[in-house]
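The two complexes that follow have chain A in common; it is paired with chain B in the first and with chain C in the second.
== the complex of A and B ==
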């Protein structure tokens, strides 16, 4: 199914595309920002008409039925071209990771080698069926009763049907195997095909088997990925290559509404590229709490830079490592304090000022990290809070309808505002991780301006959003909120557009400050 | 899966062992129930690493045997050491793909496992433990079947 249209229902993408035809908003009086909007709407319009935004990538959503059909089409095609059974075609396709062209080419060259490698016997014995063979002894259960039903694949390794069933149910149910279940015999790599399996096991197991098989189709293909949302069964197709992940952030939206990155399957992390996100998350998991604590509770020895925690006692410090003596308060030399008092009021002394300067410098990298981390964490937290508020507001929306006489449709602007807040905060959050790794240049200044604009707009919207129901009933506030919502979405688009473009052109220098260590 | 399945198969194996003797160098020590068997094995050629030694093996069978492999370990007793081998940890745990889910085949049985272990010892010339033996033996709390062995070397 082609879902380029369907996924528009996801609210955020809807906004992204509405930009160019939303300019009627600029006529509204309560537009509380400067002349800026007019100019950007114009430029946005041009961009919108010329091409799709640089941060937007194309993708398609497939539902379970689509996935099944695609597989069947491929199997059917190979079945016709190579004149082999559908079961064999399926096994071959899986062996070639659904690369039809390569399969056909290789098969034409050396059919028996291909069949052998894929776990298919090349002799054309009649298709396997259950048989009763006189004098048969099952090698698995050692049963030799007359009339015992047995089964063998083309390799001729024959076992009783009961053992086969046990074996298959173990593989399918416990081990989650499907595409590569081999003959139970030792060292035999013949693969059990779907038809033989259907012959042997119960309907329930067959269903699980086919589910597992279907999964391997998505797993085997590089251009397909499952939507990671809980209970979602859709798969997304996207052509972005692994090696391009430093240049694009392939955010996709599933029909279920979940937005995620096709590259790493994490939640949408535009504008930061996957590798950076990975580094950042790791750093935060390792460092953030430690760094916070170090920043709050320790100082560095002015001489050797060792991190020192003062856990009691007086201000006279002696560094355990280098034996340097200094004052905890002013960081100056202890010798200048004399010996008579343990109170430091010598703030202006030169040695103290120098030491504090040096201290400040060594704290810069730590402070820098914390600066970005705190803002990142703050947006993460705020996004949650905004969502909570919305959940409460939703109930009040009913109330609001009664009080103000607005219809359900008319109070939907709150829903839009909430969605905008979520999406923008998600983006903002990642802009801070992104900025942490960004080398400083002119582009960074532009990036930070964009970030600041978006942040201010989001905070303003968030503020209005928290207002009580009675205040919300004011029609003027509604207009302001709607304006702000549109503005936020536009600022987000501009920020993403700019960054994506620079990223694609390799203009943002990342990684130069790759890992400023937090603890000096 | 019914435990009956394993019981039946083990009964048959036991019957077969009692009727026709086990191959040389393999001896059944006890099979009092159908959950745990003890066997002794010896290396019969003149490999200097294992001469004049007898090793004790403990087999534990789950209800899914022989679809799933049994748990097989060497047991240390005063007269039964743990054989020196780069795939055998000093606590008796054996790293052998045959005993893992991937390498196991339901056609294998107690006898064939013992023979494989015999030949695994016969073919070895390295008087050493697996890398990281100390740490593994100290830290491991897992049952052999839950350990993710990494079969890095298929030559031994």
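== the complex of A and C ==
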């Protein structure tokens, strides 16, 4: 396990200062403690001796048992240092968002204030248990039958066990609450502890309660995130902060094999930064492009304004709605065309030129968008197809072993080729979204060269990969595929390295991200 | 059902020794889950002299789930929607704050307190809240004109509450009611 010292680098604190004006965190940081472990970002310049690629970031994967153990370790530690029960230590830690140092410091200063704020009783009454008290009336259901079992936390607000159970299951099952379930009494902020809960509710509910608690541990810590893959229960720890997301694209890989962005939890989208990805996806999903198509392919009736698509035929248009007759070319009245029917000779008139100009402009931006979108979508689709092939790869490898007499190890090159294809396509896909927003400058040319090199290599490898087993059995082809695989991976690294560095240095100007309408 | 006993007890509490300015009745004797409450506008406020109808609906899960309380009488107030729904913003009734031990009596008292002390920092009607903060005289005048128009005479609970006549529609354009006259 690393120590916090590793996270503290001079570089990251410098980042912090530079970006203190960044305010899009305000909602998230309302409980922020400044002395949390700092970012992992190793700047490639400062730490020359253990240089790592700029696009690569440090992260660790935790399995459910690790997460559980971390919590237990912290609880145990606080339990020993502050000599309070483990249940209380857990509640305090949750209140302090697992910032142990801060908790201990504050507790040493003012123990009762800390306990009160966290929802704990400062008296040391014996631990709560179920009791039958003569003459007891439950304040919730108003039952008073003799022998009614009742329960109270240390605050002494006593209710019948049935009501307590009902209350807890309502909170846990319907509201998904766990860490902050208070005593049912009005105005009492005492938090129910895990042991009391275990006493009261069924095993099934207890399990859900503990699951929810576990979830809050990951949610409370800014450096932890769940792996978004379906059925994966791992969490990833990564020190990249939200405010740095315009400079780094923190792609992490879970043990389950899922590669995703720590910043936005979407699938790996290097080299494009999160904000750009968000805009791009919105743009692609938005109706704005439909509108763009309409403006590029249709005209409006000069009289009533209805949108008209010319569906072939001559220039003599008759609006279905208002029966206005006009010329598609010049938009002028059809009757004024006189004898030159079906041959518009009024093309030079001003109104016509204006309409054409407006249309041409719209076409250019539409075509620019479509250029990038088609390539983006193509790689997305190809990546899916490559994945299909990957699923067939194993079969192919078995077949290949039989036909060529190669060993299992010897056919592994197909597997790595398939992996390379998928990651490279994923990257290529996002380079097109990235390029769409990229302002034109000297760096664009380098970027596009990198993109072209990677794309050519990927397409070549993709072609070889689809060859039949008999062809693959040729040992020479194997060498070529292996070389191409290495080359693809290398080209990808070069591209990512280049963009990540420019991004970190703020040299890549993403002018249009701020004003997406400019390119719409 | 366990909640019946509790509701019955609360009903007795509210009707046997009713708190000042609060009158509780059941519109339908066989349904204890729906209460009609008449709230007298607290003295010394712009709502004094008005009688406001409140509809209290107790969910099946009451008291584990909070009751729903709405104004049946239109009221000019920062924390009550200025429409035919009359929704109230009351922290006590939010699911994360609701406690099963909370009595309806304290809910009703909280509503009455809201009339005495509007909470403009937590508004449902931002414009009215703004007016309350900046121009209390104008606010009081508007609130009083609403009382004169809607909160006098017998309280109606179910009849659709009269929308303001055309041209009197309050909101950004209007000055908050026909009776308010010209702005100072």
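Please note the rule applied: the second predicted complex is superposed on the first by the 389 of 520 C-alpha atoms of A that agree within 3 Å, B and C clash if a C-alpha of one lies under 4 Å from a C-alpha of the other, contacts with A are read in each partner's own complex, and residues count from 1 in each chain.
Definition applied: a residue touches a chain if its C-beta (ideal position, glycine included) is under 8 Å from a C-beta of that chain, and two chains touch if they have at least 3 such contacts.
Being a predicted model, the structure only gives us computed values, none of them experimental.
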Once the two structures are overlaid on chain A, check if chain B and chain C clash or fit side by side.
clash
Applying the document's definition of touch, where does A:142 land relative to chain B and chain C: first, second, both, or neither?
both
Going by the touch definition up top, name the partner, chain B or chain C, that contacts more of chain A.
C
Look at A:444 in the shared chain and tell me whether it touches chain B only, chain C only, both, or neither; answer first, second, both or neither.
neither
In the overlay, answer first, second, both or neither for which of chain B and chain C A:298 touches.
neither
Touching A:306 in the superposition: chain B (first), chain C (second), both, neither?
neither
Between the stretches 130-138, 148-156 or 166-174, which region of chain C is in steric conflict with chain B after the superposition?
148-156
Using the superposition described at the top, list the residues of chain A that contact chain B and also contact chain C.
139-143, 159, 163, 166-167, 170, 175, 184-187
Complex contacts: residues of chain A adjacent to chain B
139-143, 159, 163, 166-167, 169-170, 175, 184-187
Touching residues of chain A toward chain C in the complex: what are they?
139-143, 157, 159, 162-163, 166-167, 170, 175, 177, 182, 184-188
Would you pull the chain C residues touching chain A in the complex into a rising list?
2-3, 5-6, 9, 61, 63-65, 95-96, 99-103, 106
Interface with chain A, chain B side, in the complex: residues 1, 5, 8-9, 12-13, 16, 64, 66-68, 101, 105-108
